[in-house]
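One chain, chain A, appears in both complexes that follow, with chain B as partner in the first and chain C in the second.
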Partner chain A sequence: MLEKVRDLAKRWLEDKEVDVIFGLKEQDGYIAPYLFTDASELGNLTISTQCRLCYTCRPSKENILSLMQRKEPNTKIGVVARGCDERALIELAKRGQIDLGKVKIMGVACTQDEAKGCKCERAYPNNLVLGERVKGVSEDENVDALLNKSLPERLTFWRHELSKCIKCYGCRNVCPMCFCKDCKMEQEIYARTGWLPPEIPMFLFIRFYHVSERCIGCGECEKACPVDIPLLTIFKLLRRDVKDLFDYEAGLDAGQESPLLTTLDEAPMKEEVTSGV
Partner chain B sequence: MEYKNVLTTCPYCGAGCNFYLQVLDGELVGILPCKSHPVSQGKLCIKGWNAGEFVTSDERLTKPLIRRNGSFTEASWQEVLDTIAKKVKEYKESYGPDSISVLSSAKCTNEENYLMMKFARAVLGTNNVDHCARLCHASTVVGLVQSFGSGAMTNSIRELEDAGCILVIGSNTAEQHPLIARYILRAKEKGAKLIVVDPRAITLTQFADHYLRLRPGTDVAVFNGLMNVILGEGLEDKEFINERTEGFEELKETVKRYTPERVEEITGISKDKLIAAARAYAKAERASIIYSMGITQHTTGVDNVSSSANLAMLTGNVGKTSTGINPLRGQNNVQGACDMGALPNVYSGYQNVIDEKAREKFGNAWKVKLPEKPGLTVVEMMNEAARGNIKAMYIMGENPMISDPDISHVKEGLKNLEFLVVQDIFLTETAQLADVVLPAASYAEKEGTFTSTERLVQMVRKAIEPPGESRSDWQIICDLAKVIGSKEFEYKSPAEIMDEIASLTPSYGGISYDRLRKGGLAWPCLSKEHPGTPYLYKEKFTRANDRGKLFGIEFKEPAELPDDEYPFILSTGRIIFHFHTGTMTRKTGLLNREVATGYVEISPKDAERLALANREFVSVQTRRGQIEIKALITERVSEGVIFIPFHFAECAANVLTNPALDPVAKIPEYKVCAAKIEKIKEIPR
Partner chain C sequence: MVEFEPRIVGFCCNWCSYVGADLAGVSRIQYPPNLRIIRVMCSGRVEPEFVAKALSSGADGVLVLGCHIGDCHYMYGNHRTAKRMAILKRILGYLGVDPSRIRLEWVSASEGPRFAEVVTEFIKEMKNLGPNPLKEVKAC
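Right after this comes the complex of A and B.
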């Protein structure tokens, strides 16, 4: 599979289908995003579920792809994307953060094991170029265990989990969908600042609700949590609610408006776009 | 367009987390966590996540500064280096080399600390080199060396996860070492018992099975009490005591006198809680002790540390995984700065300057005759500066004007110097007093290594260019040594410096950049084939006779106790949102948003007695000085105790602290002094 990805990336660069390839690079055993500008570097291109591509940079609070497109609006960027990377791109485009017209997606499917590892419900991109579609993980033991608890038990469970929070903001920082310039989590009027644990439930719940309909289910927030709060569990339930209530799923179609940005008379509201291209 | 991610080691605490610096066209645009790193595992704390912001601050120093007619003017590197060289020669000739002293830096790399101590000894000709380890874990180095043979964390961080019991004493782990607290919480989830001993109800206490709230400064009595219960109930590990230790009879005699009743009287911890905690610790298959400055920063710092070692050895909890004594070190490279010999009595690898063989070995390598007399420690340097015996000081990456006890006295000392050179990334409170300021590169702008609290040596990689004319500390030291006339500072890269370190330092003998690029190595790492040592003392201790030493240690009161005039006990420390003297964190937006300035924690009962409202400004006074600061009324402190974080220059806790020293380790007693509080009418500023 990796060889196929490298070959295709090489062909795209050589055939000028794209100007650069945005993918993962392996060096000394460590894997991180990298912009390949020359075909000779592609020997270090790798595929892994260890790292995503589209992170929001801080303190600018802009996606790395937005920053790239701002610098070079005409550069065509080839992106080696897993399902979740593609959903992030679509959702970012929908919200005015990036220009999908200048992006060519090389969709790579995840294996069954990789899907299990990420507890991923949809382990393949729409623009599938390489790999086979495998069935997503529909059963999640954490979700089931939670749903089997009584309401008071659930409250105790979440109180305990949230009380572990050390306010690193890591869940927000790794989220490709968290790019608000005036993040409410930082504001004293919503949750007391300068204190551990942060105010329960406000501090984390602000984000749960704000991201509820844009969450692409990549699980990066849970993986970034230093105290192992089961954040993917709550987002799976929120995603389920959004699907049930609005028949909507984030990250599938850039042309589909978010239900929470739609008014009752069906004229779509404009999201305040303070950045992006 | 160029976009890359450069893996590096966090510049804040000693946990040694790694992350990537995101670089877009040469500009630092963000930070990404690294999931394959053994400690951080793709997670970071709030400081780590924001460790890029101060790097690009427009307050960074970009040009050398020289004081002319009382104010700073920009100067060329040539001019400032010539000026320093001339002064160094003058003082050496007129007053002797010991009239100069050097402060090295726990924020700088191993290579830079090695060079700084080499510069002090081989170029200046003095052993007057020390750094802030004196102020945080000097008692660890002394205490653990006398108990075990080596002054460092015995086990590795991740092992904590599999401990059956974890005793945390004097460490606010969740705030000061958040990514280490991660492994305490994971151990809890797996069923471990957690004992927290602390005068403040710190964040971890909410998860503790046993919370022992002691009167500040009574740690030895707590340890003796725990051991009294353990011996009384026959829970000690007799085989371990017989085969691996000495001094048991002495310990037994002393501990006998610390009955739970007496310990309750001294410490305020109820005897039932003490007994329950002692059982939990002793009965666990594997028990770990974690401590930090809560026990080291006392006039009895060494006693406290050795007492913790007593408890571990008494129960056989040393020399196997998930056990041991785990001092958590506060700075990214305070372990490394000590390992490199940035201390007045040892060369790298703790080779003693009074040992003729060691002196000869380093003297031969550096082609110079080395001074024999051990040098001055941090607080002693300031005292001698105030007395006029130290004429010149060279400070690299330290800010004693905030970090040292009794700041008024520190200022007096620094101002009394004839010549002060400060090398830093910002114009700190200390740099403002300097005659020459040298602009240095930050961690993101240079290559090198840091050694974390678990003895793990890790790479620091250059991501971006240093701003303006600033240079890496290692380059500045080499440049200066060359101008003074030394031929022993011809290094092309930090990798070459590490090769020299490895050749002279047995515990770093097998360490090289080729190996470190693939991942960290824990010392001792004796040869190129040696895999490193995650936990110490598996077969034997490293004292002369291979045995660990148990000491009978009597409880002693702190140097200054509350009285009628100063009725409160003042304790100081850090908070999660800021770091040390605030030089880096106070230039970071989100951190300032969380906590903008200092405060004094006071209990609700004391606040009521003083008729204080929350956030009201008060005056806090001790025999050293007075500050105005806002009150924070909280149950986190008990009656009679107040707490002030020391990060904030405008209400600096260290104006108040007591510079009384531990007699051996010379660490000041930051954790206990007597204070009074008064309401003030006018709000300052």
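Right after this comes the complex of A and C.
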């Protein structure tokens, strides 16, 4: 599998289909994103679920690809993308962060074990080039456990979980969809400087809402959290809800605009708007 | 025992609901005094963060009032509110706050009696629901 990826990347570079290959590089046992410009380096190209490819740089708060594209607007970039990477690219293009016309995506499917490890619902890219589509993980014990709780029980549960928050901003920093220059989570009114834990549930609510309809379900926030707050539980439920309410799923079609940015005529909502949910 | 008096925050849009509230006042229609009105230019200005902040600061209920669909002064402001509030309610439900603490209603400028009716009914519902559980969180 890995050999196939390397061969194809080499062919793309040699045939001048792309100018550079953006992928993960393994060196001395560490894995990090790397821009391959020469075919001879491709022996180190790897695919892994350990490292994000499509991350937002801090503190400039710009996606790595949009930074590259601003510096070199005419370079054609080949991206070795897993399912979540591809969805991130599509969502970023939809929101004007990157130019998808200058990006060629090499979609690589994850294995069943990798999908299980990430609790991924959709472990393959839309535009699949290599690998086989494996079944996603639809069951999640955290989600079921939360749904079985009554409202006061849920509040007790989240009060406990959210009071662990140390306000490290890891979930926001790692999220490929969090690229706002002015982040609400940094505003004094929502997160007072020097106060721990942050206001419950205000602080993380901001992220829950802002990422709700753009969440690609990569699960990086939950992996990044140093105190193990089950963030993915909420995002999984919200992805389900957005699909249910608007029949929309993030990261599938670059031409389909987010339902929260369009009118009710363009993207109707399922239920009667005046009645309660 | 003193009866529980809920504190309600109401976001009213400048063009319809606020005028509707004004009409209710001018017409001397009686409704309970538990509502604190915040005037916004459009119901589309109401960010879900405002609602969440109101609830986490101790409001027992939040009422978001805007123009009827199709009557928005800014064409599509209330379309967005409708969509946002639907998602907001889901999130609050998962976090353990009763989604019925938030209500989105359309009240036009000529609907003074309806404004009073909506407010009275909402306050009655909040009275039955009891105090907002997030208040205790704030205290500790």
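Rule of thumb we're sticking to: the second predicted complex is superposed on the first by the 263 of 277 C-alpha atoms of A that agree within 3 Å, B and C clash if a C-alpha of one lies under 4 Å from a C-alpha of the other, contacts with A are read in each partner's own complex, and residues count from 1 in each chain.
Please note the rule applied: a residue touches a chain if its C-beta (ideal position, glycine included) is under 8 Å from a C-beta of that chain, and two chains touch if they have at least 3 such contacts.
Model, not experiment: these values are computed from the prediction.
**Student:** Using the touch definition from the top, say if A:T75 reaches chain B (first), chain C (second), both or neither.
**Tutor:** Once the two structures are laid over each other on A, A:T75 reaches chain B alone.
**Student:** Should A:W12 be classified as contacting the first partner (chain B), the second (chain C), both, or neither?
**Tutor:** neither
**Student:** Which partner does A:C225 contact after superposing on A: first (chain B), second (chain C), both, neither?
**Tutor:** first
**Student:** Is A:I189 touching anything from chain B or chain C once the two structures are fitted on A? First, second, both or neither.
**Tutor:** second
**Student:** So, A:L146: does it touch chain B (first), chain C (second), both, or neither?
**Tutor:** second
**Student:** Using the superposition on A, tell me which residues of chain A are in contact with chain B and, in the other complex, with chain C.
**Tutor:** Chain A residues touching both partners: none found.
**Student:** Within their complex, state which residues of chain B touch chain A.
**Tutor:** Touching chain A from chain B are residues 1-5, 7, 20, 22, 24-25, 29-36, 42-46, 48-50, 52-53, 174-175, 178-179, 181-182, 185-186, 189, 203, 206-207, 517-519, 575-577, 589-590, 593-595.
**Student:** Which chain C residues qualify as touching chain A in the complex?
**Tutor:** Within the complex, chain C touches chain A at residues 48-49, 52-53, 56, 69, 76, 79-80, 82-84, 86-91, 93-100, 103-106, 133-134, 137-138.
**Student:** Taking the touch rule as given, give the residues of chain A at its contact with chain B in the complex, in rising order.
**Tutor:** Contacts found on chain A: 20, 22, 25, 28-35, 37, 50-51, 55-60, 64, 67-68, 71-72, 75, 163-164, 166-170, 173-174, 186, 193-194, 196-197, 223-228.
**Student:** Could you please specify the touching residues of chain A with respect to chain C in the complex?
**Tutor:** 146, 149, 151-159, 184, 189-190, 199-202, 205-206, 208-209, 212-213, 234, 237-238, 241-242, 245-246, 259-265, 269, 271, 273-274, 276-277
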